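I've put the structures underneath this note.
Here come two complexes built around subunit A, the first alongside subunit B, the second alongside subunit C.
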Partner chain A sequence: MDAQPDAPVDTKAAYLKDLLGAGLLIDTGVPGVYGRSGVFEDVITRFEATVTAAGEGQAEVMRFPPGMNRAHFARSGYMKSFPQLAGAVHSFCGDSHAHNDLLQAIEGGQDWTGGLTGTDVVLTPATCYPLYPAVAARGVLPSDGGLYDLQSYCFRHEPSNDPARMQLFRQREYVRIGSPDQVLEFRQLWLQRGQALINRVGLPYQLEIASDPFFGRGGKLMAMAQREQQLKFELLVPITSVEQPTACLSFNYHQDHFGQTWGIATDDGSVAHTACVGFGLERIALALFKHHGLDVKAWPASVREALWG
Partner chain B sequence: MDAQPDAPVDTKAAYLKDLLGAGLLIDTGVPGVYGRSGVFEDVITRFEATVTAAGEGQAEVMRFPPGMNRAHFARSGYMKSFPQLAGAVHSFCGDSHAHNDLLQAIEGGQDWTGGLTGTDVVLTPATCYPLYPAVAARGVLPSDGGLYDLQSYCFRHEPSNDPARMQLFRQREYVRIGSPDQVLEFRQLWLQRGQALINRVGLPYQLEIASDPFFGRGGKLMAMAQREQQLKFELLVPITSVEQPTACLSFNYHQDHFGQTWGIATDDGSVAHTACVGFGLERIALALFKHHGLDVKAWPASVREALWG
Partner chain C sequence: MIEQVRGLVADHGGLAVDVATLAEDTDLYRAGMSSFASVQLMLALEETFDIEFPETMLSPKTFSSLGAIQAAVQQLTGATA
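The block that comes next holds the complex of A and B.
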């Protein structure tokens, strides 16, 4: 993509205002944390049904909650690559005396979170993170590897007035675990299926080689390497900016990163490779409302047919 | 309920083991944090459909994410009553130097959460907490008050080997906001509807006056007052113990607590009262698997008919 001037910030703020005004999103006072209306949810439910249909019932369905094991999270390397995005869950573990102090801090309008203690739970940063240790715990993979269908809320600490950059949002994912050939074939298949799904709901898009937002100086090198090896593709749809379209789907080849980390073995004793396709469900809904209008009843017949059949 | 000896702890552990063994729940290494199989999720989806049908489409559907505004949470009084259950989200806000320290702590197997900072987000403790400030922001209620249909993941910090006491679980709720008469009529209606729903899926139950787990010494007085005023009823189903059945539904009258806190006014200028009915979705699924067996295909025809039609 050519270098372009930043889109004016207020195209994002303006779209957010439209969504709040139409009642599709509900303000909570925290940027990136919104309630959803029944209509918004229905669009996501219906889009997910098309993703389910495309999966042809071949994947094992698993649903993890929005929080995961803190030790697993640390072992996954997330804090190495994306520390700025993580969310750890802290709780009050004190006695009555500490409780009084805490209530006084709240009453005085002070920060009351300093006395809390880290728990064993962190928020899930991407839907597939809890999967790998669960698959590893089952032992050696069957000869055809594994294929999993996941969905969960994820958290990323990046407050923004861009409605397409929420702190709490859902990803739907299919994950393939097996030999390099198996997982690359899976990624190729979903590159086609993903484009077909987005075509059917009438959204413009472009497909690009991409990289993750790795932290710090060393992160730039990691991002370059990721691009050079074409480990990540993104399907981008213009939502609040044509020049800076938003990644709505991503197609990721992790090589043996998770297989090594969790000791996942294929049936011939090799370290398993993994790949996933992720659908950013809120982003897809936001793109649909942007391109087809805030009133779903007025959406093009072909789009309504694709979603509500 | 008569005083009874505690149920042996291992009836809970034994049922958890059964659920994990059958693949209905998936271990994550943290007590109370589990993945769910597709079958487990389908039972919840189908039960929710019966709740939706019972609501007759009269409620406004809203879906909040599993986290909410920290300031709203503090203002709600949750930290006063239930500080031990709360979960606040903390994030890393440091520079490269602090990042190196953090990675060293992880590598050395030390607690790495001490250097994190409280964010504006806390985990939702009960599905209706984000609703009240959102309703307040709309201004005076219409003359017939408000009726809302909610569902979200909730967090409570109470690690346990009882599968019916999860740290991350979902509540489905209907909430009524209006005059005392309106909200008490709502609660009475749902006391009937809730029992009818549980009857239809073939679960034994008892209805009891109940109280919340208020913190500390003062908490006992609050719990007594709550019982005396019959503010909370619970529908209890035996899951891991007959003597100590599990609350699967609760029917709560908050009087004007949330109306006062958020300044919610009825159309005649009075402070609004609120009531809610909450369905503990995982608990209901666990009760169904306990009473009808771990194989849904072998469930009684009447139960299958009620859920899958």
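The block that comes next holds the complex of A and C.
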């Protein structure tokens, strides 16, 4: 969600150790890939229920798996902006000889992935990526545009000992597709709703103009352009660092990027604009555990009331 | 040099308008250049003029018009118009 440099290593590693020690996260041996306990999942489920309530049932619910169509992924332009974060699924497609080579490589402790072949699936990089081609396939938008409720695991290749920077994590999103006025009104509405939700669960936050972690030297140029146009806001909560708080919600205006890419048209024939609000569910849970303690039963009554009613 | 710059903008700017008609101070972003197109243009300028834009010049302002680009390239090559 954010492009900020990492905070000092010790506070991150210390919080991760606390979470693993309390059994809230379960180590897999890979930084940023964790199992979650029942308590951790319950916090996410309950927080998501507050998001659902804030959405007032007006959005069309869609759930996509954490893998998406590789051709759609390529067309979306993700590799132009974030090649360093992408993950593609590869499978073994060889014959018995190739299988033998594969097993020998595993046996010998060598890299055994060279003999694998790319499949039609890539890991979903952001929850809304599979939505746009699906909406485009339906044809012209209705006169009031579209409003969608999404949730998916996402993958980003950025191994870290910061528990708030996982490689596999969930985003809950609402996405608005329509005229520029419609999508900007949506973003403004969720800027208010998002702050209200975070207030209710007792977390400190700040709202900032932000940019995405675009790749390379040109990425700096793209990030500056994104900031100048105020296309992205983030709601930041201190988790492992007060100086470098973590983006827990983001509010993004894509202009006509996805509308152009996918040929999504509004009912008056214009290219559709899109905007989304994304909730980093693990990050919000991690912020709650950081600020209210690792024992949910000891959380402040107001927070428990907001989440468990 | 401005015509060379104009040619690169035509090839990489992704503009919806005819680049030949652009004034030197026309805002290229307003003329439809996306931020990603400006990156492509930046890389093409570096290759063509054998220069490297320093970090301090990697801002949208540097690539905002034909004249701004020419000034930036001249600064880096030491050339005069």
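Please note the rule applied: the second predicted complex is superposed on the first by the 302 of 309 C-alpha atoms of A that agree within 3 Å, B and C clash if a C-alpha of one lies under 4 Å from a C-alpha of the other, contacts with A are read in each partner's own complex, and residues count from 1 in each chain.
Keep this in mind: a residue touches a chain if its C-beta (ideal position, glycine included) is under 8 Å from a C-beta of that chain, and two chains touch if they have at least 3 such contacts.
Small disclaimer: the values here were computed from a predicted structure and weren't measured.
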More subunit A residues in contact [subunit B versus subunit C]: B
Subunit B versus subunit C as contact partner of A:L123, first or second or both or neither: first
First, second, both or neither for A:P83, with subunit B first and subunit C second: first
First, second, both or neither for A:A265, with subunit B first and subunit C second: neither
Partner chain(s) touched by A:L191 [first = subunit B, second = subunit C, both, neither]: neither
Contacts of A:A22 with subunit B and subunit C, given as first, second, both or neither: neither
Which of subunit B and subunit C A:L221 touches, first, second, both or neither: second
Touching partner for A:G38 - first (subunit B), second (subunit C), both, neither: first
First (subunit B), second (subunit C), both or neither touched by A:H99: first
Subunit A positions touched by subunit B in one structure and by subunit C in the second: 80, 217
Subunit A-touching residues of subunit B, taken from the complex the two chains share: 26-30, 33-38, 40-41, 60-72, 74, 79-80, 83-94, 96, 99, 102-103, 106, 111-114, 116-121, 123, 130, 133-134, 137, 149, 153, 155, 157, 159, 167-169, 215-217
Sites on subunit A touched by subunit C in the complex: 77, 80-81, 217-222, 224-226, 228, 257
Subunit C to subunit A touching residues, read off their complex: 29, 34-36, 38-40, 42-43, 53, 55, 58-60, 63
